Amino acid sequence: MQINKVKEKMTDLLSDVFDGATIMVGGFGEAGSPIELLHGLIDHGAKNLTIIANNAGNGNVGLGALIGQKQVKKVICSFPRSPKGITFADQYNKGEIELEVVPQGTLAERIRAAGAGIPGFYTATAVGTPLAEGKEEKIFNGKKYILEEALHADFALIKAEVSDRYGNLVYNKTARNFNPIMSMAAKNTLVQAKEIVQPNFTNPEHVITPGIFVQKIIEVKEPIIETIAIEEGLTYP
Amino acid sequence: MQINKVKEKMTDLLSDVFDGATIMVGGFGEAGSPIELLHGLIDHGAKNLTIIANNAGNGNVGLGALIGQKQVKKVICSFPRSPKGITFADQYNKGEIELEVVPQGTLAERIRAAGAGIPGFYTATAVGTPLAEGKEEKIFNGKKYILEEALHADFALIKAEVSDRYGNLVYNKTARNFNPIMSMAAKNTLVQAKEIVQPNFTNPEHVITPGIFVQKIIEVKEPIIETIAIEEGLTYP
Amino acid sequence: MININSNNILKGWDRNTIAEKIANDLPHGAYVNLGIGMPELVSQYIKDDREIIYHSENGLLGMGPSPNENEIDYDLINAGKKPVTILPGGSFCHHADSFSMIRGGHIDYCVLGAMEISVKGDLANWSTGKGIPAVGGAMDLVAGAKNVFVMTQHLTKEGKSKLVKECSLPLTGANVVSRVYSDYAVMQITDIGFKVLQLNTNITLDYLKSVTEGNVYQ
Amino acid sequence: MININSNNILKGWDRNTIAEKIANDLPHGAYVNLGIGMPELVSQYIKDDREIIYHSENGLLGMGPSPNENEIDYDLINAGKKPVTILPGGSFCHHADSFSMIRGGHIDYCVLGAMEISVKGDLANWSTGKGIPAVGGAMDLVAGAKNVFVMTQHLTKEGKSKLVKECSLPLTGANVVSRVYSDYAVMQITDIGFKVLQLNTNITLDYLKSVTEGNVYQ
């Protein structure tokens, strides 16, 4: 029997998602953002989600649309402002959605730490700023650092360029961003890939996310391009 | 003017090395071990070195030979035993060389932490064992972890397959091992590459060590293969 | 301390049989790290009804069998520094990433040898307390892998039991072992002792108890 | 608080001149992160006697200029989420690796805008205290880069000095700024105040002192 993590149906890919789940969403801006998986999550209908991502959505597609459907109770991110980030801003201004702002590098490292089995680490980032309030401090070589804890998730939604049936992933250019570390940090990593290839075609030197970090994969040959979708006024559902 | 980190002479590559320096040596066993740079270091003659590596040399080539020349006062590693690791064993048994044994994953993570600006992190590895003695403990979610600190170095000696003039590196198979993280952790990363190519030939998706972590490079077209060298009785100098 | 007269040591399963038992307990799709030495035998007994992915801590996922003499690549070695191969779907990574797989709980099973295993699941397998200390990746594996299987002879050649109340040798990890596969029995470590899952037909429970410190139960 | 009547605000260097001054102070071979907005101008003034490598914190090293309209790739963007290009010798990496370059002190210079800079080198540039809080990578950059250069107007349009004794806005970092490039002067932050390295010829030291809180000296 052969390992095969590829699913044909979006409903199979997302079948384990539950209300109240913590979900990491890959991407930085539109690059590497798993729009089709997010739309699948709208169809799925899970509620009270905590989203960990760099941003909080743009327009009414992808994460912006998921928030628009009121499925999200909290966003943990570094930069929740986008030119057309209307759905988050709306709910935030009405006090309907929680926000935890984390410096981008600390966000990345907290995610990586979860994947690497590191429960906490020290960083100089944010020392002396409001984002360090309430955090444990420690001096190393005469310099002050704060303790940051690992950020785990139940699910990670990942967009890749190519996958094989093991879930070995490569990304396209800066669409790599948070995807590899989120793949490590979630209990269940769910991937949309533009192309699924035979394992013989994955060069072992070029794999960015090894299959060990991936649970399920679906092929999405022509994913939506956010900029164009927003220009064209696309909304989901 | 163009950035060009390539040196023609080994003496130029190693010119900054000083007595008492802390030097990381890439490689796991013979794979990725920078034998020619280590031989250059023997010619250079720096003394009282602290070596950070996975092993402590095998036979009388590379790190084994450097130790044989009594240039090393201390080794920080995970596994200082090798089938023909005579030079270290000799000096260790006579009390002439210091040893700090670190679990291999903790060693890797301490090196990566230095490169990533993380002064300390917590790990469950070694909790309850003699290697945790004297280390600070902390409980996260009811489980005990110990604090491990970053391991920095003055120099890293790295073996790569291919480099360009910026120091963008790729490695061959399991010769990757400690090389990428040591490149990050040292103030001066000195590289031997089998081939130096034009930057146009480095695929930006496939670079493993970006040039930002590399200071000097030398081409060593046909590096010594340790197993064969030891079989043939090679010793250096 | 239990010390059996070596004339009274009963014969149990041979190492291939133990390896086969472990192989049958590794589920389809598992990511597995096999320790150097005896545990390496396990891969030979994986049945066709499952695919197992082998991890070698020196940055190799999808490790294959040893190469032919003429296919040796000294840059493609395993954690024991022996030449190996890589299978389709395999990948290379650096040491920090490789140990992230271990420490982060992504390795489903590791199989290791032992010098001593305590009834609490403590393991000693890295140091006799003599010679040059060398730990390698053993402490990371036992702390990080989801399931730690120990493959061992129940008694040393001198008749000393390896299954003890308290380890006398330096620990590799405390409370880390899930299951022990010895030549006499397969035993799960539980809060109340060694629970016998399978007993060698040559061995009675009374004999097993006589060669095992701590609570043994079925 | 210094608040100049806007009729009395003197004209200083334009933003291109400030950008050129910064460009001239970046040495050959430097790894540089340019903040979104005004700092992006700096790359246009790098002379041929040096090669500078640009880092964008979303995993791009060796960033090149904007693409032509027909060459836009929405998967190749900068930290400001605008399409860019990659130069030969560039590389991609994931976010944890990219911020390792920053936090680990591998970025030689970062150039950022400011709302307030204190005489101690504190910087406030991420929050007015109003609206949706959004920090991005600013705190990581100021904490990690070897040299933090601030590029700013000396006075706000309303005539309020941005160079203050104590920042009133939420800090981005404490004691992090190396040097301030304003339209009036180039100033190094030292233990005893703003040390003037270069003064705009339209500006007297007395005027500079009148529009700057904290010790200003030459």
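Think of it as A, B, C and D in the order they're written, each chain with its own count starting at 1.
Simple rule for what comes next: a contact is a pair of C-beta atoms (placed from the backbone, for glycine too) under 8 Å apart; a residue touches a chain by one contact, two chains touch by 3 or more.
All values reported here derive from a predicted model rather than from experimental measurement.
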Co-neighbours of chain A and chain C resolve to B
If every step must land on a chain the current one touches, say how few steps get you from chain C to chain D. 2
Tell me which has more C-beta contacts between its two chains, A-D or B-D. A-D
Could you give the separation in Å between the centres of chain B and chain C, each centre being the mean of its C-alpha atoms? 29
In whole angstrom, what separates the CA-based centres of chain A and chain B? 34
Would you give the residues of chain A that are in contact with at least 2 other chains, written as numbers and ranges? 109, 112, 116-118, 123-124, 171, 173, 204-205
So which stretches of chain D touch two or more other chains? 86, 92-93, 96, 99, 102-103, 144
According to the definition of touch, which chains form touching pairs? A-B, A-C, A-D, B-C, B-D
Within their complex, chain D touches chain B through residues 28-29, 31, 48-51, 53, 55, 61-62, 86, 88-93, 96, 99-107, 144
Interface with chain C, chain B side, in the complex: residues 28-32, 54, 78-81, 88-89, 92-93, 99, 101-106, 108-109, 111-112, 123-131, 171-181, 208, 225-227
Residue numbers of chain A touching chain B in their complex, please. 109, 113, 116-124, 138, 140-141, 143, 145, 149, 170-171, 173, 204-206
Of all residues in chain A, those that touch chain C in their complex: 1-3, 112, 114-118, 164-166, 168, 184, 198-200, 202, 204-205, 207, 210-213
Spell out the residues on chain D that touch chain A in their complex, using ranges where they run on. 56-60, 73-78, 81, 86, 92-96, 98-99, 102-103, 122, 127, 131-140, 143-144, 170-175
